[in-house]
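Below, chain A partners chain B and then partners chain C, in two separate complexes.
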Partner chain A sequence: MAAKPIEGEQRAFMTGNEVVAWAALAAGADIMYGYPITPQNEIMHYWTRMAPRYDRGFLQTEDEISAGFTTVGGVLAGKRAFTATAGPGNVLMQEAMSMAEMMRLPTVVVVTQRGGPSTATVIYSQQELNLTCFGGNGEGLRIVYSTSSHQDLFNYTIKAFNTAWKYRFPTFVLGDGYQSKMREPVTIYDPATRGIVMEECRPMVGLPGIAGIDREPAHLRNTYNLEDELYDRLTASIKDYQAMIPEVVEWEACAVDDDEILVIAHGVVSRAARAAVDSLREAGIKAGYFRPITLRPFPEEALQPLAARAQRILVVESAHGQLERQVRASLYGLETPVSGYLRPGMGITPEEIIGAVQQTLRS
Partner chain B sequence: MALAAQPQMPRVWRAETKPHKFCPGCGHGIILKALGEAIDALGIQERTIFGCDIGCSLLSWDFFNLDTIQTHHGRTTPVLVGIKRVRPELVVVSYMGDGGAYAIGAQHLVSSAVRNDLVTIIVVNNTQYGMTGGQMAPTTLPGQKTETTPYGRDVKLTGRPILGPELVAAVAPPGAYVARGSIANVVQLKNFIQKGLLNQIEGRGIAFIEALSACPTNWRTNAAETWRFIEKEMAAYFPTGELRTPGEAKNGQAGEGTPGAPEH
Partner chain C sequence: MAGRTEVLISGFGGQGVVRIGQSLSLAAVYQGLYTTMLISHGTETRGGYVRSQVVIAGEPVDSPVVESPDYFCALSSAAYSRFKHLVRGGLILYDPGYLEPDPALPVRHIALPARDLAGKKLGREIFANVIILGALTRLMAGVLELEVVRKAVLECIRVFGEENVKALNLGYSLL
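Our next item is the complex of A and B:
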């Protein structure tokens, strides 16, 4: 048995892609299946350099359809398997993830958002929120963690494996090109030293004993003949999903006791939003901050009272209203006016958000 | 040609789900019988995983006393490759139609062949898309009428039928096993499938078997016409036999290690 990839805790200064590779190693991921796409590539590059030292596998597939379906195979076989992709690759990934959603397969996908639609840019965006939360011909029975820092990338990559294997819904870590490529300080650690117990991975096929003699065969399917058969299957999954929500939903808020304007942002933009809110407070402007960490399930119960208390809501995102739509849907019926500072495919600075807040308060 | 008296079911068949769900006269049941006999002969029931595609092959999702995974159209091979990479002790069988293998899943077939993945692929060639009601497939014969070629397949507009085993044989490295059998010769077909399973078990490389099959429902043929179509028209275009056997040198090269082998 190879040594642990990380002993105890270590401070490091590295790119987000490197952080993800370390986190997957630390989480005990058994294999990565992947297809090159920027800005995800270096997750594979670091993984392929480190994995053999720790007896972990890698397969470069022919496309993201195959990367998704081989990942499905890996988890069916009872292994902690993952893949990473972005943009057009995330589009192709959705076919396998819809199968994972139907069959309750604990796949883990790291998404490093790039500009869209189409090939667009290899740089950055927050335009894959809709796709990652609701891609596929289903109900979006998935878990999506939106990270804002390298520490988040490390923590939530580990957590994604546990959430996936505990609740058996496909789980996504939604990062972006900025987080992938920039370097920042991070503490990487062996999960055990923080009391994190990795969920057991149980195989769904290749079970012990002879099928039909020692036990029933595992006959796994995603196709049904009758409306009622499908409905029963989905009803059970939706019930499980709803029961899971209070256990997995995560968010962060500050300065929300007396705020006149609530700034809502996710991912890397939430850091600019937090900085903007701090500056605005210093200048005597009553701004508050809310960040959904799980975009799916969305923390609507946490947001509702905060939104009701505020006089205005400003949604800030590097997309044209993908987060804003989730916010509006969660707040349906509430009268607090919602506006957006929407910059598809563009980075957003604290100064821009301060300007947008001031303008919203004037209007 | 025909199976006169019904011999016993293969041991690996699941009696509780018989009679099976295919149409009367369908070739799928015959091919799955050959597969069942091959699994019995090799004694590998305990470690075989059966994967079926979307297409009429999906009707076999509860066919065997084997752990079974029914996947998406054309995606069965990647799922099984994903399993095999992490559980090399298992024997994985990818079972699909000609549409799944040669149209929507063609990139997976070619790539698995090039990688020499340790998987046994069985493709049911019934010259059209059975499950969706008889449209043209890559294997539809020149002039053959289907729902999307109602005046007969025009090869000028839609190309000539694909020769799947020939394609795999051309790209797979040494160690591959490639054959084409037919429901018209069940003994030979079973033999091919058994060799294909053995090729995987012995870690030599990919095994690819195309089986010429019947779809009387969409062909709209009676028994006599069905057999004539398989034995005359299909056989004339799709020659049966072994195209690649392991150990044999390809293009004069000596055999080399199999990249898909688990120990690598």
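Our next item is the complex of A and C:
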């Protein structure tokens, strides 16, 4: 039995990709399947360097289609399996993740968003929100955590495994190239020291006994004969998903008691939004801050009363309205005007947000 | 004709469920009627559920989905259990070689041992579906004509023409 990768708690200074690899180790991930793509590469590199020391597995596949499906296979075999990708790789993985949605398989995918569409840049964006939340030919029955810091990357990578295995929906950690490559301090820890119990992973295939005689058949199907069969299956999954929402939905907010303008951002941009709101408050401008942590399910019930109280809403994102569309859909029927500071593929500073807020208030 | 006639045929893959539906619908086309035919099946070539839904009407068909079939051909136990409750005013034509009817169901049932007959009288079980089609044609008198269905069968099933005509006539003569 190999030693624990992390004993107790340790303060570290490392890149986001390294943090993800440590978190997966600490979470007891059994195997990573992967195919190289920037800015995700170092998750794989760190994993392959460290995994053998702790009896963990790695398989480099021929492409991301295969990486997605081998992750599905690992999970079917009862392994705490994961993969990581970005951009065009995320596109290719959607077919496997659709299958995971259909078959209720607890896959975990870490996405480090890069510029899009297509190859675009290898650097940064928030343009994979639509794809990660709703990619595939299905209903988006997934959980998507949007991280904003290295601490988030560590915490939510561990949490993603537990959410996936508890609720049996594919779960994503949505980071970005900035978080991947940046170094910042982080506390890494053994989940047990924080009272985090890892969900048990059980094989779904190759079970002992004869199906239908010794045990119930597993009914792991991704294909159906009749419309009604599919409908019944999906209706049950949608019901499970809706029942799960209050247990997994996460967000954070501040300065929302008397705000005239509510700034909404997710991921790394939420850090700039938070800083901008603090500066605006110091300057006497009543700005508030809201950050969805789960982009799917979206925290619409939490957002609605805050949005109703505000006089204006400004959505800030490194994409052209992917978050804004979610916000608008959540707030349909509300009269608070919504506008966006939309910078696809670009980093966003607090100064820019302050400027955008001032302009919005003037208009 | 006026009104709407709904036919639901269901069994498992390989029985010719789709061919029955195609032949009925094509016959309706030949007779200048409006018709739709839906097919539901899995990815298998044999086994699983197969369902064919045929609507025939004197005016354009609005929904192609069969709500309450006038004629339900049940060719497997699973199909019978799944769809028998859809039948309200109609009747169920079934092959007793595949299923036991539910005595509690207050719907007219007609047993037609098509698979057995096909084997004994025509030498091969594959003609069972056309025997069923013949019986259906008889039941649907007033909607479809035997001669037109015969033409449609020959068009839809391009092999074993002679045997299929025999099978059609056999089914027609049994009811």
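The rule we apply is simple: the second predicted complex is superposed on the first by the 352 of 363 C-alpha atoms of A that agree within 3 Å, B and C clash if a C-alpha of one lies under 4 Å from a C-alpha of the other, contacts with A are read in each partner's own complex, and residues count from 1 in each chain.
The rule is short, and it goes like this: a residue touches a chain if its C-beta (ideal position, glycine included) is under 8 Å from a C-beta of that chain, and two chains touch if they have at least 3 such contacts.
Here the structure is a predicted model, which means the values were calculated and not measured.
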| item | value |
| --- | --- |
| Touching partner for A:V197 - first (chain B), second (chain C), both, neither | neither |
| Of chain C and chain B, partner touching more chain A residues | B |
| Partner chain(s) touched by A:E229 [first = chain B, second = chain C, both, neither] | second |
| Chain B and chain C footprints on chain A, overlapping residues | 223 |
| Contact set on chain B toward chain A in their complex | 12, 14, 45-47, 49, 54, 58, 61-62, 64-72, 75, 78-87, 90, 107-108, 110-111 |
| Contact set on chain C toward chain A in their complex | 40-43, 48-51, 82 |
| Chain A residues touching chain B - in the complex, by the definition given at the top | 30-31, 33, 57, 59, 61-63, 65-66, 69-74, 76-79, 81, 95-96, 99, 203-207, 209-213, 217-223 |
| Chain A residues within the chain C interface of the complex | 223-229 |
